[in-house]
Structures are given as C-alpha cells and as structure tokens.
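Quick heads-up: structures coming right below.
Both complexes below contain chain A, partnered by chain B and then by chain C.
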Partner chain A sequence: MSTALLEVEGLSVTFKGHNGPRTVVENVSFRLAAGEAVGVVGESGSGKSLSMLSLLGLLPAAAQARAKRACFDGRELLSLTPPQLRAIRGREIAIVFQDSLTALNPVLTVGRQIMEVCQRHFRLSRTDARRRAEELLAQVGIPDPALRLQQYPHQFSGGMRQRVTIAMALAGEPRLLIADEPTTSLDVTVQAEIVSLIQDLQRQSGMSVIWVTHDLAVLARIAERVLVMYAGTIVEEAPVEQLFAAPTHPYTRSLLANLQP
Partner chain B sequence: MSAFWARLIRCPPARRGSLILVIVTFIALAAPVLVPTDPWKVEPEARLLPPMSRSIAVTGAHPTLHVLGTDSVGRDVLSRLMYGSRVSLTVGFTAMVLSALFGSLLGLVSGYFGGIVEALTGWLIDVQLSFPFLLLAIFLLGALGGGTAAVILILALATWVNYARIVRAQTLSIKNQGYVEAAHATGAGVGRVLFVHILPNTLAPVCVVASFSMAQAILTEAGLSFLGVGLDPSTPSWGTMLNDGRDYLLTAWWISTMPGIAIGFTVLGVMSLGEGLRELLDPRGAS
Partner chain C sequence: MNGADVILTSRQLTVIYGAKPTGWPFGRRPAGVQALRAIDLTVYAGETLALIGESGSGKSTLARALVRCIPASSGTVHFKGSDITSVTGSSLRALRRRLQIIFQDPFGSLNPRLTVGSAIAEPLIVHKLAHGQELRAKVAESLSLVGLDPAVAGRKPHEFSGGQRQRICIARALICRPELVAADEVLSALDLSVRSQTLELFRQLKSQLSLTYLFISHDLGVVRQISDRVAVMYLGRIVELAPTAALYSYPRHPYTRALLDAVPVADPKIERSRRYAALPGEPPSPARPPPGCAFHTRCPRAIDRCRTDVPQLAELAPGHSVACHRPY
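After this line comes the complex of A and B, so read on.
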C-alpha cells in the first residue's frame, strides 16, 4: 500500500426516480495500489458494478455519481470533461464485461473491434493495428490468431469470446483492469482458464485489477484484499486470508457459509 | 472489399439481382448506340403498329423494323424503352439514396440522443405523414417547375420517413446493447459509436426498405408524369410510356405492356439485390 493508483472516498450513486431520488451506492471508499488485485463481492444489486461504472462516467443517463474524492493517478475522475474521460477509458482503465456475447458487436469482425481500440489510443496505422491485434489474440491464448481476426463473434465459443473481450481490454495497455464478473456466464472449467489468464496477464504487465464477482471461491485464489458490498455500501474490507478466517459482518459470514466445500 | 464482391457473387439472390441491374444499367448507358430509331421521331403514318411490323410510310426510305411496335404517334416503343431506362433508373436510384441517407441519419440521431432531438424529428415525421403526398407533390412541382431534379426531390421527400422510423426503432434497442456500452468503455466517441457500432447493425432492414422504395419511386414517377406535374410527356420514361398506352390497352396492348415488363424486370433485380444484401450483411448468414 505505498502510492495509491486509485483512491475513492465517499462515492455515492443516485438515480432520479418517479418517487424522488434514490441512492443505490452510498459512501463507498477504497484505495488501490499499483499492481494490486482487489476483489469486490456482493449480491446482485448491491452496487458493485455501478460503483465501478460510475468511475468511468458510464452510468445510465438517469444516474448521477458524487464523491469527495475519486482520484486516479492524480486526476479527479468525476470532474473530467467527456474528451478527457474518453482518453482514459480503454487506455488507462479498461473493463471486461460479464456477457461476452453482447459485449462484442455482431456485425464487425473480431479483428476490427480490437484494431479499433489500438487505433483510437495509439494512432496506429491499419497494418500496425492488425499486427498488434494478432499479438493480443495470441497473448490471450487464441490459436491461429491471423485467421481468427477475420472472423465474427458468433464463430467463437463463449470462453473464446471472453478471451477476445480481454484482448480488447488489453489493447489499450491499461494500468487498471476492471473485471466485471467476467466468468459468470461461462462454465466452470472455462471459468478457471479465464481466471488464470487474467492473473497471468496481470503478472506480466503489472496492472492493477479489480475483480467484481459474487464468487468468493474465485477471489480466494486471485485477490489480495476483498471489499464486501451489501445494499450499496462497503460493509467489510479485509485481506483475503483474514476475511476467510474471521469474517466480521453477518453478510460475509453467510456468504462463506454458502461456499461449496 | 474484394472478399465482399466474391460473397456477393456467391449469394444466389444477390447474383441474380446484380445481373439484372447490370443488364438494365448497360442498356441505359449505351442507349444512344443501341436504339434502332430516334425515340423522339413522330411518324403519324406508322402509329399503333404491332410488334415486329415494318413501317413503310416514308417514301423512298428503307422500311424500319419496329421490334416492339409503335405508340399512338408512331414513335418506336423499343427505342423509347431504352431511353426511358435512363430516366427511370436515375430517378429511382437517386431518390432512394437521398431518402435513405437523410432518413437513416435522422433516425439514428433521434434514436440515440432522445430528448429534444427526438421530439423535433418525431414532429417532422408527423408533419410529413399527415400531409397528403399528392398535394405536396403537385404544390412543390408546380413551384419548382417540374423536371427530373424536382421529381427526385419529391420522391425522396415522400420516402425518408420509412427509413427514419426503422432506423430510430433499431437504434433505440441497439444503443442499450452490451457492445455499445463496451465501445464507450474503450473510449470511443459519439461519432464512432453511432457510425461504426450502431449504424451497421441497422442496415439489414434498411436494405429491404430501400429495395421496396426504389421500386415505389419508379412507379410514383409514372404516376406524377400521368398527372402532368412530373416529367415532360415527350421525355421517354417508363412512367410516361405506361400512361401513354392506357387509352389503347384493348387495341394496342404493347404500348403499356412493354414498359410494364421493363419496370417489373428492374424491380425484380432491385428486390433480389436487396434481399441478397440483407443476407450478406448478417454475418451469421454467410459462414
């Protein structure tokens, strides 16, 4: 915990509703060091994903985020202009989404979608971008990348598609990767592959990773620290061993109790 | 790009459609060379000749063979048909492209941004739909003074609503798809999201509407010419020919049957190509 890459203090997300504003994330604070892997667990609707999306200004139009501090590498994320924010999205902070089927555009080839990110952030020429996309596909363990670049998302299996979205996220060489339940829609063996893939990539590149999940078993393997979210707030924060050994919050205890042996 | 052409040739409806359109376009372009006689030349003595007859009216000259007969003032139907393809194709194609561009753009923008933009577009669509087309056409053509460009403009004005509504509806559902959110998350700007991620996903229905509306444009041009507000009656176009022959349907069937066949053939080509393109644009359709 030397210098913090991301420092969030008092983050809240509010939806404008018919019955007045409704706060779904409240007073969330955490720090993330460079190269650190942090897990965020919590049940559906506990505000895990929303807090992460709010940092990149990707909330739905009806929602608004406020924070005392949301500092990424010296920049206040919530007060950036849209162009400044776009320069950070994908380049410094990248997201891998839960559903790889919908996260890829069905009418564009996989190569085109990866190249787009390279071209957007590094101003590469088409040939360079293509070469880079090929490297990225190889890096995420897709065999025969040159051929695969020209294929469409529907020609990939679920696990392969998730690898593609990871390649897209890596294309910007981000310093922080937010993995928003990247394994939820995959079967167990593929889940394990994807988890170790992201772990390897993290080790190679030294990026920080925030794992959003509701699978404590996964977190035990990969995270150094865990934040437990419940009903829009962080109810517990602890190093992963400590969390498993001595959970303090009732929700954490019930999570652990329900963990498959 | 060459891969696209290769797929186009391999897709049966697209191949059929392109072949038909290539033939029609070739005839249109080469009309001055191909025509057997001057399509404007009036020969009262040779009026209403059935197909495959020879006119021997002009003394001393060689008798001319009228493969598809002559019309009510003795003009050669085949020649007029060939020249007519120029007008009909130009009008149909340009009107289709103009309205597709304008309508899709408006639909895309209104579907994506919502709010005031959508309200304005919706209002524009309502105005357009509630205004009787013929009244508008007669009024505007009267004001603009007719001519090909004015007719094209009117036809584009009549059909852009179809594109706007379809593209808007598609955009509304597509903008909430994961890949649009993912595109935002990789730092893509609004233009990139609109034109790279959303628009291509709306193209399949646009293709179908475009093929229908090009066919419709060719027919509407015929209707306008009939009302006397479209093209000059002496201009050979399939629409004017169709209307010329109406009075002689029982006695000289060929005058309006021939342009009818030409319209049918061309429309078939456009529709096949539209169908083929729709298949080609869906990556799941062509492995």
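After this line comes the complex of A and C, so read on.
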C-alpha cells in the first residue's frame, strides 16, 4: 500500500449523559491511501457517521473524541486549533451529507453558497468565483449552470440539490471526500447517477473517498475496501471482493443475506 | 390470477391536486397537478400488488385514492362491486374499517401523548366494536399478533424503536380486521436487519388474516420478495403491470428496464464491469407533463410517434400489460 493519507488509530467518541458517559464509538482504527475509495457500512447508531464527523471536529457539544492517532497528511486532526481545522475542512477534507435540503442555506442562492467556498479557500474575486462556481455546476452535470446559480435550493429537485452539495464539496479541490449517505433519500435511478458522478470525479482528480452508507450493494461498485461497523466498533475490514465472497463476521453475513432476494 | 375474486377496481381514476380556486375574488383558478391520470386497475382478493416508481410517480396517490384516503377528481373506485367513489359520512366510516393504510414514518403516525394501548384501541372505540374488558383483550391480542408483549400497552411511543413503532402501527391498522391494507413505504424508515423481520411479519399476517396488500415501495428487492404482481408507475400512469416473476425476468417497458438496471448488484465483479443503462435527467414535472408518452424525454427507444400519441396499456402476454409503442 502506498503512503497513507489518513491514519486513524484507537478512535473513541464519548457522550456526556445523565447516567454517566456513554461511549458510542470505540477503538476504531483504519488507514486510507491517497486516491483510495473506502466504504463504511453499518446500521443507524453504529457510529459510522460520528467517527467521520469527529475527524472534522463536527461533533455535537456533548460528545468528545479521543484517539491515539488521527493523522491526516502529517497533522494530528484531534489536536488542531479551530482556525487550523477550518483551513482543512472544506479545503482538504470535504463532506457531503445525506440531507441536501438542510445542508444548504434556504435563503441564499446556490451560487452564493458555492462562491463562498471558493472565496474562502482561494481568495478569488467575485467574478472569478462566479466563473468557478459555474464550472463546478457544469462538472457535476447540472444543465444550464449560469441560470441555476441564481436559483435557491428549493427550486432544485432532490437529485439536483445533492449535485449542488457535491459541487460545493469539490469547490475546495479536496484530497479526501467524505460522502455520508449521499444517496439514501434519493430514487435508485438518481442514486445510480450520483454514484457514477462521484466515481468519475474521483478518477479525474485522484482524491480519496470515504463512502458511509447502510447499503452494502452501493459499495460493491464504488469501494475498494469496506469497513463494517457494528455497535461502535469495526467488526470486519476487507477488500470489497473478499467481503462479498467470504464474509467472516456474522453481522456482515446477515447484511449480505438481507441483500439477496 | 384468473378466477380470483376482485376486491378493488378503479376506472379512469384521476386525482388532481391544488385545482380548487383560491378564495381571493380575482384569484386565478389554478390548473392543478395531475397526480393520477386515468388509472384502470383491478386488485384481486388475497394478492399482494406492489406499486413501484420514482418519487412523484403517483404511487402513494394511487394507494390513497383507492382506499378513499383522498377523494378522486374523476373516475370511479369499486370495492367488492359497490361504488365507493363518493360515499361519505357513516358509510365512509364503515368502509374505513375494511380498508386500512399504514404510513412510512412510524414516528409521525403515532400520537406521542397517547399510550400505545390507547392508540391501538382507538379504531375499536371509533367503530364501537368493543369496550371495557373486551377492548383490553383485543388490544392485547393485536399486540401479540405483531410480536410485541401485551404488557407494553401502557407505554408511550418514544419508548420504542423504529421497528417496534412500525409494529404498533401495524397492530392498530389490523385491529378491526380490515380486508385490504395499503402499506405505503412501511419499510423504508427501518434498518436493514429490522426490515427483513418486518417484511416477514407482513407475509405471516397476510396468510393468517387472509389480507390483500397494496404494497408501495421504492425498494425493488423488497417488492420482488413480497409481491404477486407489480404495477410500475411513471408520472401518474401505470406503464407496466405484470406478475412479479415476469416483470423481473422480462421487463418490457424501457422505463422498467432502466429502473431495474439502476439497482446496484451485490457483487463487486458484476458491479464494476457494468455500465448503468443511461436514464438521463429526471422525471418531468407532473404540472407540465410532456405530450405523448411522458417517458419519451428520457427514453432510449423513443420514436416520433412517442412524442405525440399517449400509449395505452395493452396486454402483451397473459397478465402482462405494457403501455409503450416500442416495448422490448
């Protein structure tokens, strides 16, 4: 394996609670090489999203993350100051969320929101930022980008809106894209398009992708390696072919059994 | 399905949303959105008929119009031979007992302030079917029917997980022993492992209580497992209607093909080597449907005729109908 872009060792996330602390992610370790696509699969509450959010410093206030190592390209993510983290977030690590409607600001045009990312990270002029935003919309397959830039999120369909959030994520030209269930609320036909889109973008730009999902079948296409999470820990990690052909953990087996009609 | 009793039929069933004139004196009369366009459909007693299609295709509207959850704008619905299109008042209430619906969101469809027992008992009270000891006995029976402990009747919905709540909704829908149940995306809010248990419960209840299901889902794998027949919908019309095995093995409508093809295959070797059949763009807006076949804007096989003539459902094989000028 080539050098790791992201190396996580012994990551735990703990919530403060009335009945004492509760650990919801426990001792999670994984490596991600540059340009690699890894899938994280698990049910709701398995801690898959929380582990990703903790790396970006996006945990809710009641939660705390600890790790032996959470090293992104030589930097310890968990010990960075907020300004240092802001320079990474959106620029080097970008994230696409499940619900594109809440991920976008409803009272700003789509163009403003994409331009904000370009201006924040690249100090572009307004004209250049607008041109870049237009390019990005075209890149994610939105027809008529110049017009669409001036529209608001509610004027887009679910699939198109998710493309906008992908365009926003790409605006920082990230080296790692975290896709947190980006197709879960979409129709299968639209899901197929979004999966192909992210795959094409990954090939073009050579970025790494972490694809978080509860749908193992999606990972068959996009992931090279799969981490299976259950109750806050990684219960199995394997190359995708091996995982589908010979799952070792009983939970993975039951996931696969549920997939086959 | 020949020889089976017909339980529900619709003729030219059309639903238009938002066509009521606004109260404003100079307000315009909105044209509305045609969510359903002249649906002719027959549901047989004891079958599971699945409705599939992308969001906005009209599958929920069709199920709701069939069980009189929403009124028809035109056309008719017959339930066991009698016209139920415009029944109101007490006869509609009597009908509700026989036609039930379960919704997608088990969090939104239970009142958080009612105990589970009173939520389940409500249909019995409304229809004056039981009271006192008998009521409690029936609630307990209904809870155990869906695999929950009757002792949970005193608890509130927030104490239950999504899967358990969906079971509570099922118990409530079944307590007055309906003949037909419309299940509207009942599994989509559930986790994969809970999903298969709930699916199994549906299957078991159907044979136990001899129910008929209208099963709406966008999960084509689930539909394949549970349904006897499948109706594929696109922009308010049924474009293909076939026995499940026939539909999955030999889809005749280009839209059905594209839909089935978009489902990821749980096998990395196949999945990596194949290219999805292109289904460019998204469904057109139901407010401004394209002329002719509504699918022609995305169809790989469209010819000139598709842009002008609306194709009608035609039976290409026994029980297998397709609305397409150029079926496979």
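Couple of notes before you dig in:
Methods note: the second predicted complex is superposed on the first by the 259 of 261 C-alpha atoms of A that agree within 3 Å, B and C clash if a C-alpha of one lies under 4 Å from a C-alpha of the other, contacts with A are read in each partner's own complex, and residues count from 1 in each chain.
We adopt the following convention: a residue touches a chain if its C-beta (ideal position, glycine included) is under 8 Å from a C-beta of that chain, and two chains touch if they have at least 3 such contacts.
Not measured: the values here are computed from a predicted model.
After superposition onto chain A, partners chain B and chain C are found to sit side by side with no clash. Touch criterion met: A:A217 reaches chain C, while chain B stays clear of it.
Seen from the Cα centre of chain A, chain B and chain C lie 80° apart once the structures are superposed, a value rounded to the nearest 10.
Judged by the touch definition given at the top, the superposed model places A:A94 against chain B, while chain C stays out of reach. Looking at the shared chain after the overlay, A:T102 reaches chain B, while chain C stays out of its contact range.
By the touch criterion defined above, A:A192 lies against chain C but remains apart from chain B after alignment on the C-alpha atoms of chain A. Minimum C-alpha separation, chain B to chain C, in the superposed model: 14 Å. Of all the residues in chain B, the ones that touch chain A in their complex are 177-179, 181-189, 192, 196-197, 200-201, 203, 281-284, 287. Note for the complex: chain A touches chain B at residues 56, 58, 83, 86-91, 94-95, 97, 99, 101-108, 116-117, 120-121, 152, 154-155, 165, 168-169, 171-172. Across the complex, chain C meets chain A through its residues 54-55, 191-193, 195-196, 218, 220-221, 224-225, 258-259, 261-272, 276, 279, 282.
Put simply, chain A touches chain C in their complex at residues 43-44, 157-160, 187-193, 195-196, 214-218, 220-221, 240-241, 244, 254-256, 258-261.
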